[in-house]
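Order of writing sets the chain letters: A, B, C and D. Residues in each chain are counted from 1.
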Amino acid sequence: MKHMIFGESHGSAIGVALSGVPAGVELDLEEIAFEMSRRAPGKSPLSTARKEADVPNILSGVFEGRTTGTPLAAVIANTNQHSRDYAKTKDLARPGHADFTGFLRYQGCNDYRGGGHFSGRLTAPLVFAGAVAKQILAGEGVKVGAHIRQIAGISDPPFADCPEELGGDLFYKLAHKEFPVLDDQQGAAMQQAILSAKQEGDSVGGVIECAVTGLPAGIGSPDFGENAEGIFAQHMFAVPAVKGIAFGVGFACAEMRGSEMNDALYMKGGEVRARTNHSGGINGGITNGMPITFTVAIRPTPSIAKEQDTVNLDTMENAKLRIEGRHDPCIVHRAVPVIEAAAALAVCELLGI
Amino acid sequence: MKHMIFGESHGSAIGVALSGVPAGVELDLEEIAFEMSRRAPGKSPLSTARKEADVPNILSGVFEGRTTGTPLAAVIANTNQHSRDYAKTKDLARPGHADFTGFLRYQGCNDYRGGGHFSGRLTAPLVFAGAVAKQILAGEGVKVGAHIRQIAGISDPPFADCPEELGGDLFYKLAHKEFPVLDDQQGAAMQQAILSAKQEGDSVGGVIECAVTGLPAGIGSPDFGENAEGIFAQHMFAVPAVKGIAFGVGFACAEMRGSEMNDALYMKGGEVRARTNHSGGINGGITNGMPITFTVAIRPTPSIAKEQDTVNLDTMENAKLRIEGRHDPCIVHRAVPVIEAAAALAVCELLGI
Amino acid sequence: MKHMIFGESHGSAIGVALSGVPAGVELDLEEIAFEMSRRAPGKSPLSTARKEADVPNILSGVFEGRTTGTPLAAVIANTNQHSRDYAKTKDLARPGHADFTGFLRYQGCNDYRGGGHFSGRLTAPLVFAGAVAKQILAGEGVKVGAHIRQIAGISDPPFADCPEELGGDLFYKLAHKEFPVLDDQQGAAMQQAILSAKQEGDSVGGVIECAVTGLPAGIGSPDFGENAEGIFAQHMFAVPAVKGIAFGVGFACAEMRGSEMNDALYMKGGEVRARTNHSGGINGGITNGMPITFTVAIRPTPSIAKEQDTVNLDTMENAKLRIEGRHDPCIVHRAVPVIEAAAALAVCELLGI
Amino acid sequence: MKHMIFGESHGSAIGVALSGVPAGVELDLEEIAFEMSRRAPGKSPLSTARKEADVPNILSGVFEGRTTGTPLAAVIANTNQHSRDYAKTKDLARPGHADFTGFLRYQGCNDYRGGGHFSGRLTAPLVFAGAVAKQILAGEGVKVGAHIRQIAGISDPPFADCPEELGGDLFYKLAHKEFPVLDDQQGAAMQQAILSAKQEGDSVGGVIECAVTGLPAGIGSPDFGENAEGIFAQHMFAVPAVKGIAFGVGFACAEMRGSEMNDALYMKGGEVRARTNHSGGINGGITNGMPITFTVAIRPTPSIAKEQDTVNLDTMENAKLRIEGRHDPCIVHRAVPVIEAAAALAVCELLGI
């Protein structure tokens, strides 16, 4: 399955074309709509006030309710642009954003309004593609779920400490939470931290932990391009604002000894299992049958109300920038379904779907 | 440039085939030999006692001292195998290793001796390929360097705090250190920690920080498959034992506010520069002209002398394993040139070389 | 540049997503419309009576008249479907068509109406993509043209015998002919042959010759995946009804001696030139600076009015089929701009655009 | 399965690296040696006098007689080079060869001796890779065979007229013939034509027909990059001297009517079959269960003894060239196993092996 995401924040529409979709998958459109709504803006003071219906219009690849196996394209209209908000600061590169790098890469020709193709809005078609991928994977017994692992220094416990078994029920509960954490008290503290930052015209970052269950052991390869960790990573870095990815215990392995880190193996019901999952379900680039677990670091939203030093890309002079318009003081909670979507696409690639 | 690494730890030879090498690059074979020696085992009590000459035999792609532009293949003979060390424990899956996952993936047909194709020994042809890549990149003004950022909880300062300018001289000095750290006192403490772990039959992990200088701004894309961070990540995860990668401040961004994290821009000598480099030289998947900096997490060596619980893959019963043979109590220092090699290959991919 | 074509003949829309488009190309929309009109049906008794406006709606990737460099998507609405024509014969696999192979490949889930994703209608977005590619290539001095080389055994002279120089003027003249041949008398005979076949409820095939001028020497490689001939071929076989491709003199080389076939070299104005172009501008998979010339074989339209033996894919019994609906007695003349479009995309791939 | 072929005609060795080989395939080394011998030079006056043992040395990817599933590399030493033959004419571009295009592509740095990487000698590792692929495919019931369809205007009957059923026995007989034709009388006439050309210091071309049996119906796709015909074509054009490919009746379809060309379908033993195979086993880019048949055009060997006009790439002046050394007056018969090898690799790609 290959996907190509297109569109700009303030263009007429955004969308995605997907090829290699298996034929005959009955698409649950309500389920797709639910996934889209998890990401959609305009729902709470924690997010941007821009409202978008985000209804995907499927142009091809679905016939009589099932995938045809030929390329599937879906388009989402842009309706609620405030392009004038951007015209004033058109030439002022927003620090932390891709305004300057996009300007160079596309020789000043890219659509600057609302971040153009770099906008977080482009994660809507990604969530759509991921929703299709999830429905394909459900037929293979594979489930994907995620939660906020950290925001502004406040932590949710890791999946590894979760008293519930990873998988469908837990993932369902998390997906239906407004603020997807395992420990709601910690979640409340995080939300407080987001609102504090917002009041100060600032933003916060965080960490998302994602898990994949039901993936058989023996998938992947140690080699470049086929390595399970590399495949997940490449999908994750295509999500805006992701700055890092680590599997299992992640960077904490640097402080562990081999005797602690190694996941001891034992037989359980005729199958080889690991007593712990420090390696996040992957050894030597190949799945080991344990849940895949990984964390991704999400940078604080670069768009902040505070005045910042920057340059004017037209005059090439130093400048002061004060960003107006509607922005997210934190995108971590909205990024949870996006990370799941990217993970679902990565699993399809791994499985050769 | 594409590369295919082949070989097994105890087979007749390992090697690499490289296609897409630019024509006319004068190869400095001594420089290649130096890079190989940085990775080579058998040099100190901090590493495995296996000694290998690691002399690459270039079979094609070089004519009269210069690359021909047609595929370049190099082969390194295996000479110092102790295959019998492995026969005894052939069926006992080493925890943390790919024995179990490789067994499933390759249906028990892969060469188990010394880890076979999963062996860290396969990083020798990777270092060779990286050495070729570095010489190509030198012609473009691009330099790659790395240091140990952490071992066993003991930290070397980040490149960001380094009083010296990143680039050729600093990288040269680091490459010529036996133990490549910025602060040798911290390095001494790290070495002590490695020897302690070794005495206890255990191993330690760590973090390597890598930097790339001289890469022009405007390279990469926000999109899947073309994203600069995704390209680096995919190359890094093809290095055995890498469990995480993060750019710039990495996972620390989760605790920062936007106002702290954003790298303010200003004009310097007619060029746009950033006052800080928290984003590691990449915004929106595109280079911004600052040095690329990233850290990778290296797990502790899974091969330890301590007894471990595991399973016998032949009888499918629980078993105890005590690994003998020659092993590294820590591979972080030897992995430094490997990470540089993988980074050099990633830069070639990014530059369309 | 990568392209993904989507849609079904009787779905709501067809289209294409293009990534890797260079930034800053001023798109001449009238020129694009002209290319679309060359392929459009409903213009003469030589083609199907289905009329389609074929107006591409560009959703993204173009801003203020220029390409942005980010993915460009265009959608063409389907408006003039007669889906009921197909319902009657839904289960009867049309011989020569992909009904049977598509049924197996997509497990009976693909949209059968009007050939679905296999329809020649899907060449409309291909022509759109090719029109964009042509405008990019024009900036590089590269031109693409084609003519009907043969229909129903009646031949137009090859480009090699053409008294006019290959390139812009000749290509312009050909593109503006209703029936693009070098010798209009031969063209008239071909049209007569098409109408004869039509009257008999039959169809005819032919050969198209395509040429590319302005491509520099030294592009391509002998190796798999980078070979100039292989790249053109792969693009051509993605055009429905193409059954063969051959470069230069093509299959006639089998009857030539080396002394005839070899293109003697000589110096002309300081440049190496070939006296003849039997090899079609490519040696060893690499362009030699002469025009690229190749021919493609186009099978006779499989949809004919005559009764045919086939099978019913529902009952799995032998059946008789009489195809009704609107069909082309010959698609060769309409395929000329499609072959040019595919050639333009191939040249972009070759040039690394 | 991916392959990378490396080496130069007069370098130390040539070879191939293959990744993605399925694990557990028992390799029949004698069968591989037999395939190598079919291509090997020095066996008859019809071919070059250069003798090469062509014994592949497998460096990796095979353990205890079976493929490991990890990359398989094989190296073939060059032993019988007469490099001095080439030094005299080093700067004289041989017409029809890649001397001039290679000179430009590789900026004069490629190994010119004996054609370097462009040499037909590089088909030895291709035959090796194909022999491995054939053994993998045998396990899937897929067979590949080929015969000379035409040399110097003299024709062997097509497979379509062959009284024997396509498949193992016929392919075995053909592979064991010194001169693989269906009609030995025609073969004798072809050999006579080759010797005549040789006596005149000239060379002849021809056509090879290849067939694949046992491939299931429903493999491939109409889309670019996944199209069965496109995949075969790309593999064929990576064989030196191939100038065209056509499926089934090939270019003859241009003179046929739809009613003739269409392969009528009928039920046979519960399966859908076609009464004829004019489309060569592929419709809409997807296999239809009939044998795949295609022809490839092989140009006459460019190296001829006759004096030719050319240019001196050093002085950039007109020059006369008289090629000495050992050459093939015809490579069609030696190319038969090469085309089979490329076809076997194409089938692996199609099957996702």
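Criterion: a residue touches a chain if its C-beta (ideal position, glycine included) is under 8 Å from a C-beta of that chain, and two chains touch if they have at least 3 such contacts.
In this text, all values refer to a predicted model and were calculated from it rather than measured experimentally.
Peer 1: Which of the two pairs, B-D or A-D, is linked by more C-beta contacts?
Peer 2: Per the contact counts, B-D leads.
Peer 1: Comparing centres built from CA atoms, which chain ends up most distant from subunit C?
Peer 2: B
Peer 1: Go ahead and note the Å separation of the Cα centroids belonging to subunit B and subunit D.
Peer 2: Using C-alpha averages as centres, the distance is 40 Å.
Peer 1: Can you give the whole-Å distance between the Cα centres of subunit A and subunit B?
Peer 2: Whole-Å distance between the two chain centres: 27.
Peer 1: Using mean C-alpha positions as chain centres, tell me how far subunit A is from subunit D in Å, no decimals.
Peer 2: Inter-chain centre distance comes to 47 Å.
Peer 1: Hunt down the residues of subunit A that sit against at least two other chains at once, touch-wise.
Peer 2: Where subunit A meets two or more other chains at a single residue, that happens at 5, 19, 70-71, 105, 117, 222-223.
Peer 1: Can you check the complex and tell me which residues of subunit C touch subunit B?
Peer 2: 19-20, 70-71, 222-223, 226, 352
Peer 1: What residues on subunit A touch subunit B, complex-wise?
Peer 2: Its residues touching subunit B are 3, 5, 93, 95-98, 100-102, 104-105, 117-118, 122, 150-153, 197, 202-207, 217-225, 227, 229-231, 233-238, 240, 242-251, 253-267, 270, 272, 274-275, 279-280, 282-288, 295, 297-304, 306, 308-311, 313, 316-318.
Peer 1: Where on subunit C is subunit A touching in the complex?
Peer 2: Residues 2, 4-8, 11-15, 17, 19, 23-24, 59-61, 63, 66-73, 75, 105-111, 116-117.
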